[in-house]
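Order of writing sets the labels: A, B and C. Residues in every chain begin at 1.
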Amino acid sequence: MSGPVVDIRDLSISFATDAGAVKAVDGVSLQVNRGEVLAIVGESGSGKTVTAKSILGLLPETATTGGAVLLSNRAGTSTSDVVTLSGKELRGIRGSDVSMVFQEPSTALNPVYTVGWQIAEGLRAHRKLSAGEAKREAVEILRKVGIPDPETRVNHYPHQFSGGQKQRIVIASALVLNPGLIVADEPTTALDVTVQAEILDLLRRLRDEFDTAIVLITHNMGVVADLADRVVVMYQGTVVEEADATTLFASPQADYTKKLLDAVPRIGQGRAHTEERARLRAERTAGAAAEVAVVEASGLVIEYPGRFGRKGFRAVDEVSFAIRPGEVLGLVGESGSGKTTIGRAIGGLTRITGGSLRVLGFEMLDFSERRFKPLRADIGFVFQDPAASFNPLLTIADAVAEPLVIHGRAKNPAAARKRVDELLEAVQLPKSYGDRFPHELSGGQRQRASLARGLALEPKLLIADEPTSALDVSVQARVLELFAELQLEFGFAALFISHDLAVVDLLADRIAVLYRGELVEEGTGAEVLGDPKDPYTRRLLASLPVPDPAEQAARRATLARIRQEAGDNQL
Amino acid sequence: MTTELVASVPPTSRGFWGRLPVLKQLRQSVGLQRGMLVAGLVIVAIFVLVAIFAPVIAPYGFAQLRDAQGPFGAQQPPSAAHIMGTTVGGYDVYSRVIWGAQTAVLVIVIAVVFSIFAGIFLGLVSGYIGGWLDRVLVVIGDAVYAFPSLLLAIVLSIVISGGQSSLWGGIFAAALSITVVYIPQYYRVIRAETIRIKAEPYVESAKMLGASTPRIMFRHVLRNATRTLPIIFTLNSSEAILTLAGLGFLGFGIEPTAAAEWGYDLNKALSDVTSGIWWTALFPGLAIVLSVLGITLVGESLNDLADPRLRGRKRVKAKSGTMSLTSVDAALPSDVEILEENR
Amino acid sequence: MTTALLPSDAPSPVAPTPKSAGGGLGRYLLVRFLLIFPTIFILVTLVFILMRSIGDPITAAQGGKLPADQLQALIHAAGYDRPVIVQYFEYLGQVFTGDFGNTLSDNRPVTQVLLTYGGATLELAFYALIVAFIVGIPLGMLAAYFRDRFPDAALRIFAILCYATPVFFAGLLLKLVFSVWLQWLPVAGRASTRTELAMQTLPNKTGIYLIDAIALGNPAAVGDVLAHAVLPGIALGLLTAGVFLRLVRTNVIGTLSTDYVDAARSRGVSEYRLVRRHAYKPALIPIITVIGLQIALLLGGAVLTETTFEWKGLGFQLAAYLASRDFVAVQGIVALLAVIVAVTNFVVDVIAALIDPRVRY
């Protein structure tokens, strides 16, 4: 074997923005060896994606690059510096020496061309070949990435494939010219965790069977542990640590790496908290008579009407559960499981169509906004996207004061300011932040403000819909911690909706697992995650990658066994 | 949404001037884009100034046929006394071009202000309330939108004024015709924005808090929905000038004795051209082209600057710039960090 | 001029978007087809209400010219003294059967006016569309390819000038330069008198001169017809070309910044091919929808162009009827144009749906 596939030396990249020049990468040096998976890990703004894109010379026109990116072809017979290449030379190496897999498979495929045509475009860009030959090669590569019936599927359009299949096609089109290196930018972030496991398996096969080197860009330590041979940790545009995967997870050297690894939620971590909370709750309610549930669903059905006389879509199907006062129920499920719909129904944003849903004693089946309004004071809500959940034209103080004004606790936002300041303090934001506009806060700070708004009226129930999924892992850890503290202090009941089992486990007293609108399993964290009964829960649990290469290898074996038992295509 | 957020980072560090719509965009713009915006602004400024100071600038009145030296004479070529010549009716072309700016500005202002108010109100109510009212309004709006606006304006001007009338009558007739024609455009834009904003989490969150419908509509939706108005406003103004000129050209404008109107003058110049008389057509025509060009340049530039995909940026040196921070929550976020996150 | 430069040139939100109709192409086409009728109904009603709000058409046309009793007799004979609501339903019934009334000034059925002059307008619109497509679409792609560089800026200014120049002014300038000064092309009309006389002899006249001239088998006649068409075609075509150019540029730049174009770029596809194939076709779907809305711009422009060039088509006739205050004719022609607009928009939406594989499959 000759030298590394790519050798990045002292790379610096700056961007022109409205706010002036911004440096994204500052003196990065790293190598990728043949046939190895190098993970570049970091949070948003670490420069990991920019570094990776520079290998293909794919940076936007506003970027200015310094340093060198020496890229070799698969045979190792030629090396060129991507930074200095002309447009024509760049096109020569793209696809044939290095190729890219994108984050979002649904946008990385052109909706108006067949997948076969799109795969063939890469071939046509580098070789002269007939339509028949191009199609044959496309079929061949689709077969290799595991698309069933490739002879027919090659003529299909992207919208006719599922998300996981689309990502396989994106990988196929990156692979078709057999490049020595593939840059995969968060290749599984947009996918559900069970699909993610399959794509990670496919990427592993690329390395093992095709001997292709992979640069894996990710923020997910579990994915790193699953796939990477070597890891580069980036922070603020520089490399803070570089080590092989086993060493990095076993004994991280840099403070930042340690902090990052600590912040990753692990299953089982929250159990001590949960037991503590259960004890406190028992003490509080000891004197009271039988508890009345804050939320009680029985046989809950929510259907979305079909248009033009077609059959409606049943998003929630005969679901029953209860949330008792002061209890946190974690609702887990993948996309399309109906978890968000349930949250919205409890908040009165979506009408229920069957069964029964009692919220604070109010039957939602015969909902009327006028009668429900007084109860809204007792329900807080925290949305997923902290950037979008604040009116961009109101200051944080005005936004937090909204519930107080609406429910008559204050005449106007100014009169509520004292209470707002207390709330901001409770969520550990400086009082002065009340005068800022939402875009002047970071994501984590906005989510804190969002919590302050949700708790302004000291509600009996808080609904949190994926409150941390838009945040970086270290920020997520702090927001989750704050959530737990506030819950202890205020004692509200909560519905915590998430796709991440580990996050839910950290906070929830009980966990309910949803799959395609049905509730498949419910119980305490110890019951559901310690000894899952339902095959779907088991598979979900086994698909969740953990930040430990050795343990992850074991889990992979478990997952393979579960899949075999289930007869792979059942799920 | 993101666009606006990025565009206005950070409002606190810039003064009052930095927040005025057009000036903010002027600062953002670079290179050719700035050139186009500046050129547009200059032309519009000249257009408005000419309109305001028409009585001072124009050597003669718009309906003046003679001065102390006697009648001007018809179809006189450009000379010292009439630098753009005289028309077939014996008016001074230069003076009528200047006065025409005043008519155009008056019509635009009246028409656009009326249609903005009506369009915003209808769009907001229809988009937010939805249901049958919305469906009916959309079908009506779409039908009117798809119909040739000039023809509709003709029909309306017949209805309003019976064809032709005095200065204010004529201006109002033209302005009202244009108003009705353009209401559907504002309506569509505001309705689409309202529907988009209605689904934003911050509106859902207001609903969740139990805010009343009027409170949501005016506190949360309205101001966010009207952010694109400067763009539509400029683009519609240019269309209003063209519609006004079209009406005048077909003889549905304002009588020459009531006010000067470029389209009417072009209509009268139609037969002149065949005999090679160019000055009666060229100057009013150029006035239309220039004013529409200026307004459209401003509108298009604003449109581009509002869209990050279409906005150009300066190039920078390799090692310049501040370092972008990761989301270290404890510290105050830098502008750059916020910018990165909002992207 | 309709909406040519509005930022939200998006297709209507309520006309079912292909996606929401999910149940397949057939259902989408049916729903879209049924939507034609309310559109026509609303426009016809609107025109009726507007035209009748200024009184009956006979008073409008003859008022002051005839003695009061004669006028009354005419009004009674035409039925304009009945309740408006009765007249309205009668009118709706007539429109439904394809009867748009008779003109007052020359007492011809409006449908016959359409048949006589419609061909001329169709021919003009055809020439204009050819100019618009040939000029607008390639230049739009070129501008997108060179975005933010000099050729782009020049092309954009050109597009804005095309749009900012009223067709009648463009027509006057073209006439002045090419007909009066250079004397290369005829000043006005659709053909010289000789050619028109020769075409009168044809047994099956189409009213579309190009076809009739070809049917004559006389190359000189074809040349004559084409020479007359050059200037009006360019004047009206450039207006539309400016809109197309801008539309293509914006949409192609939009699709050029998508992930799938980046993905193709990452496999070594050339920039030219990215614009020409990868970005253009997805951009085409919104472009076609908006082009459909430009039919209104084209028809409005046709009225002005025909007046400028004495091109005896529907627009020219409309202007003449307007001048003679024959509002029955005006109402008839405007109502007919409404039908044409509604049907054209339907056809365009169908074409857009057929291009989009997400609707086809």
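Convention: a contact is a pair of C-beta atoms (placed from the backbone, for glycine too) under 8 Å apart; a residue touches a chain by one contact, two chains touch by 3 or more.
Only a predicted model underlies this, so the values are computations on that prediction, with no experimental measurement involved.
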* Structure fact -> Taking each chain's centre as the mean of its CA atoms, the one lying farthest from the centre of chain C is chain A
* **Contact-richer chain pair [B-C vs A-C]** => B-C
* Chain at the geometric heart of the assembly (C-alpha centres) -> B
* Where the centres are mean C-alpha positions, what is the separation of chain A from chain B, in Å? -> 44
* Structure fact -> When centres are defined as mean Cα positions, the distance from chain B to chain C in whole Å is 24
* Asked: chain A to chain C: how many Å between their CA centres?
  -> 50
* To do: Would you mind writing out the residues of chain A in touch with chain B in their complex?
  => 12-24, 26, 42-47, 61-62, 64-66, 235-237, 347-349, 373, 376-377, 379, 381, 383-385, 387-394, 399, 402-403, 406-407, 436-437, 439-445, 453, 471-472, 474-475, 478
* Report the residues of chain B in contact with chain A in the complex, numbered from low to high. => 1-2, 4-12, 28, 200-212, 215, 219-220, 223-224, 313-327, 329, 333, 335-342
* Asked: Of all residues in chain A, which touch chain C in the complex?
  -> 56, 58, 87, 91-96, 99-100, 102, 104, 107-114, 118, 121-122, 125-126, 156-157, 159-160, 170, 173-174, 176-177, 307-308, 310
* Asked: Across the complex, what residues on chain B touch chain C?
  -> 31-33, 35-36, 134-135, 138-140, 142-151, 154-156, 158-159, 162-163, 185, 188-189, 191-192, 195, 228, 231-232, 235-236, 238-239, 242-243, 245-246, 249-252, 263, 266-267, 269-270, 273-276, 278, 281-282, 285, 288-289, 292-293, 296-297, 299-300, 303, 309-310, 312
* To do: State the interface residues of chain C toward chain A in the complex, per the touch definition above.
  => 16, 20-23, 27, 31, 258-271, 273, 277-278, 281-282, 285, 355-358, 361
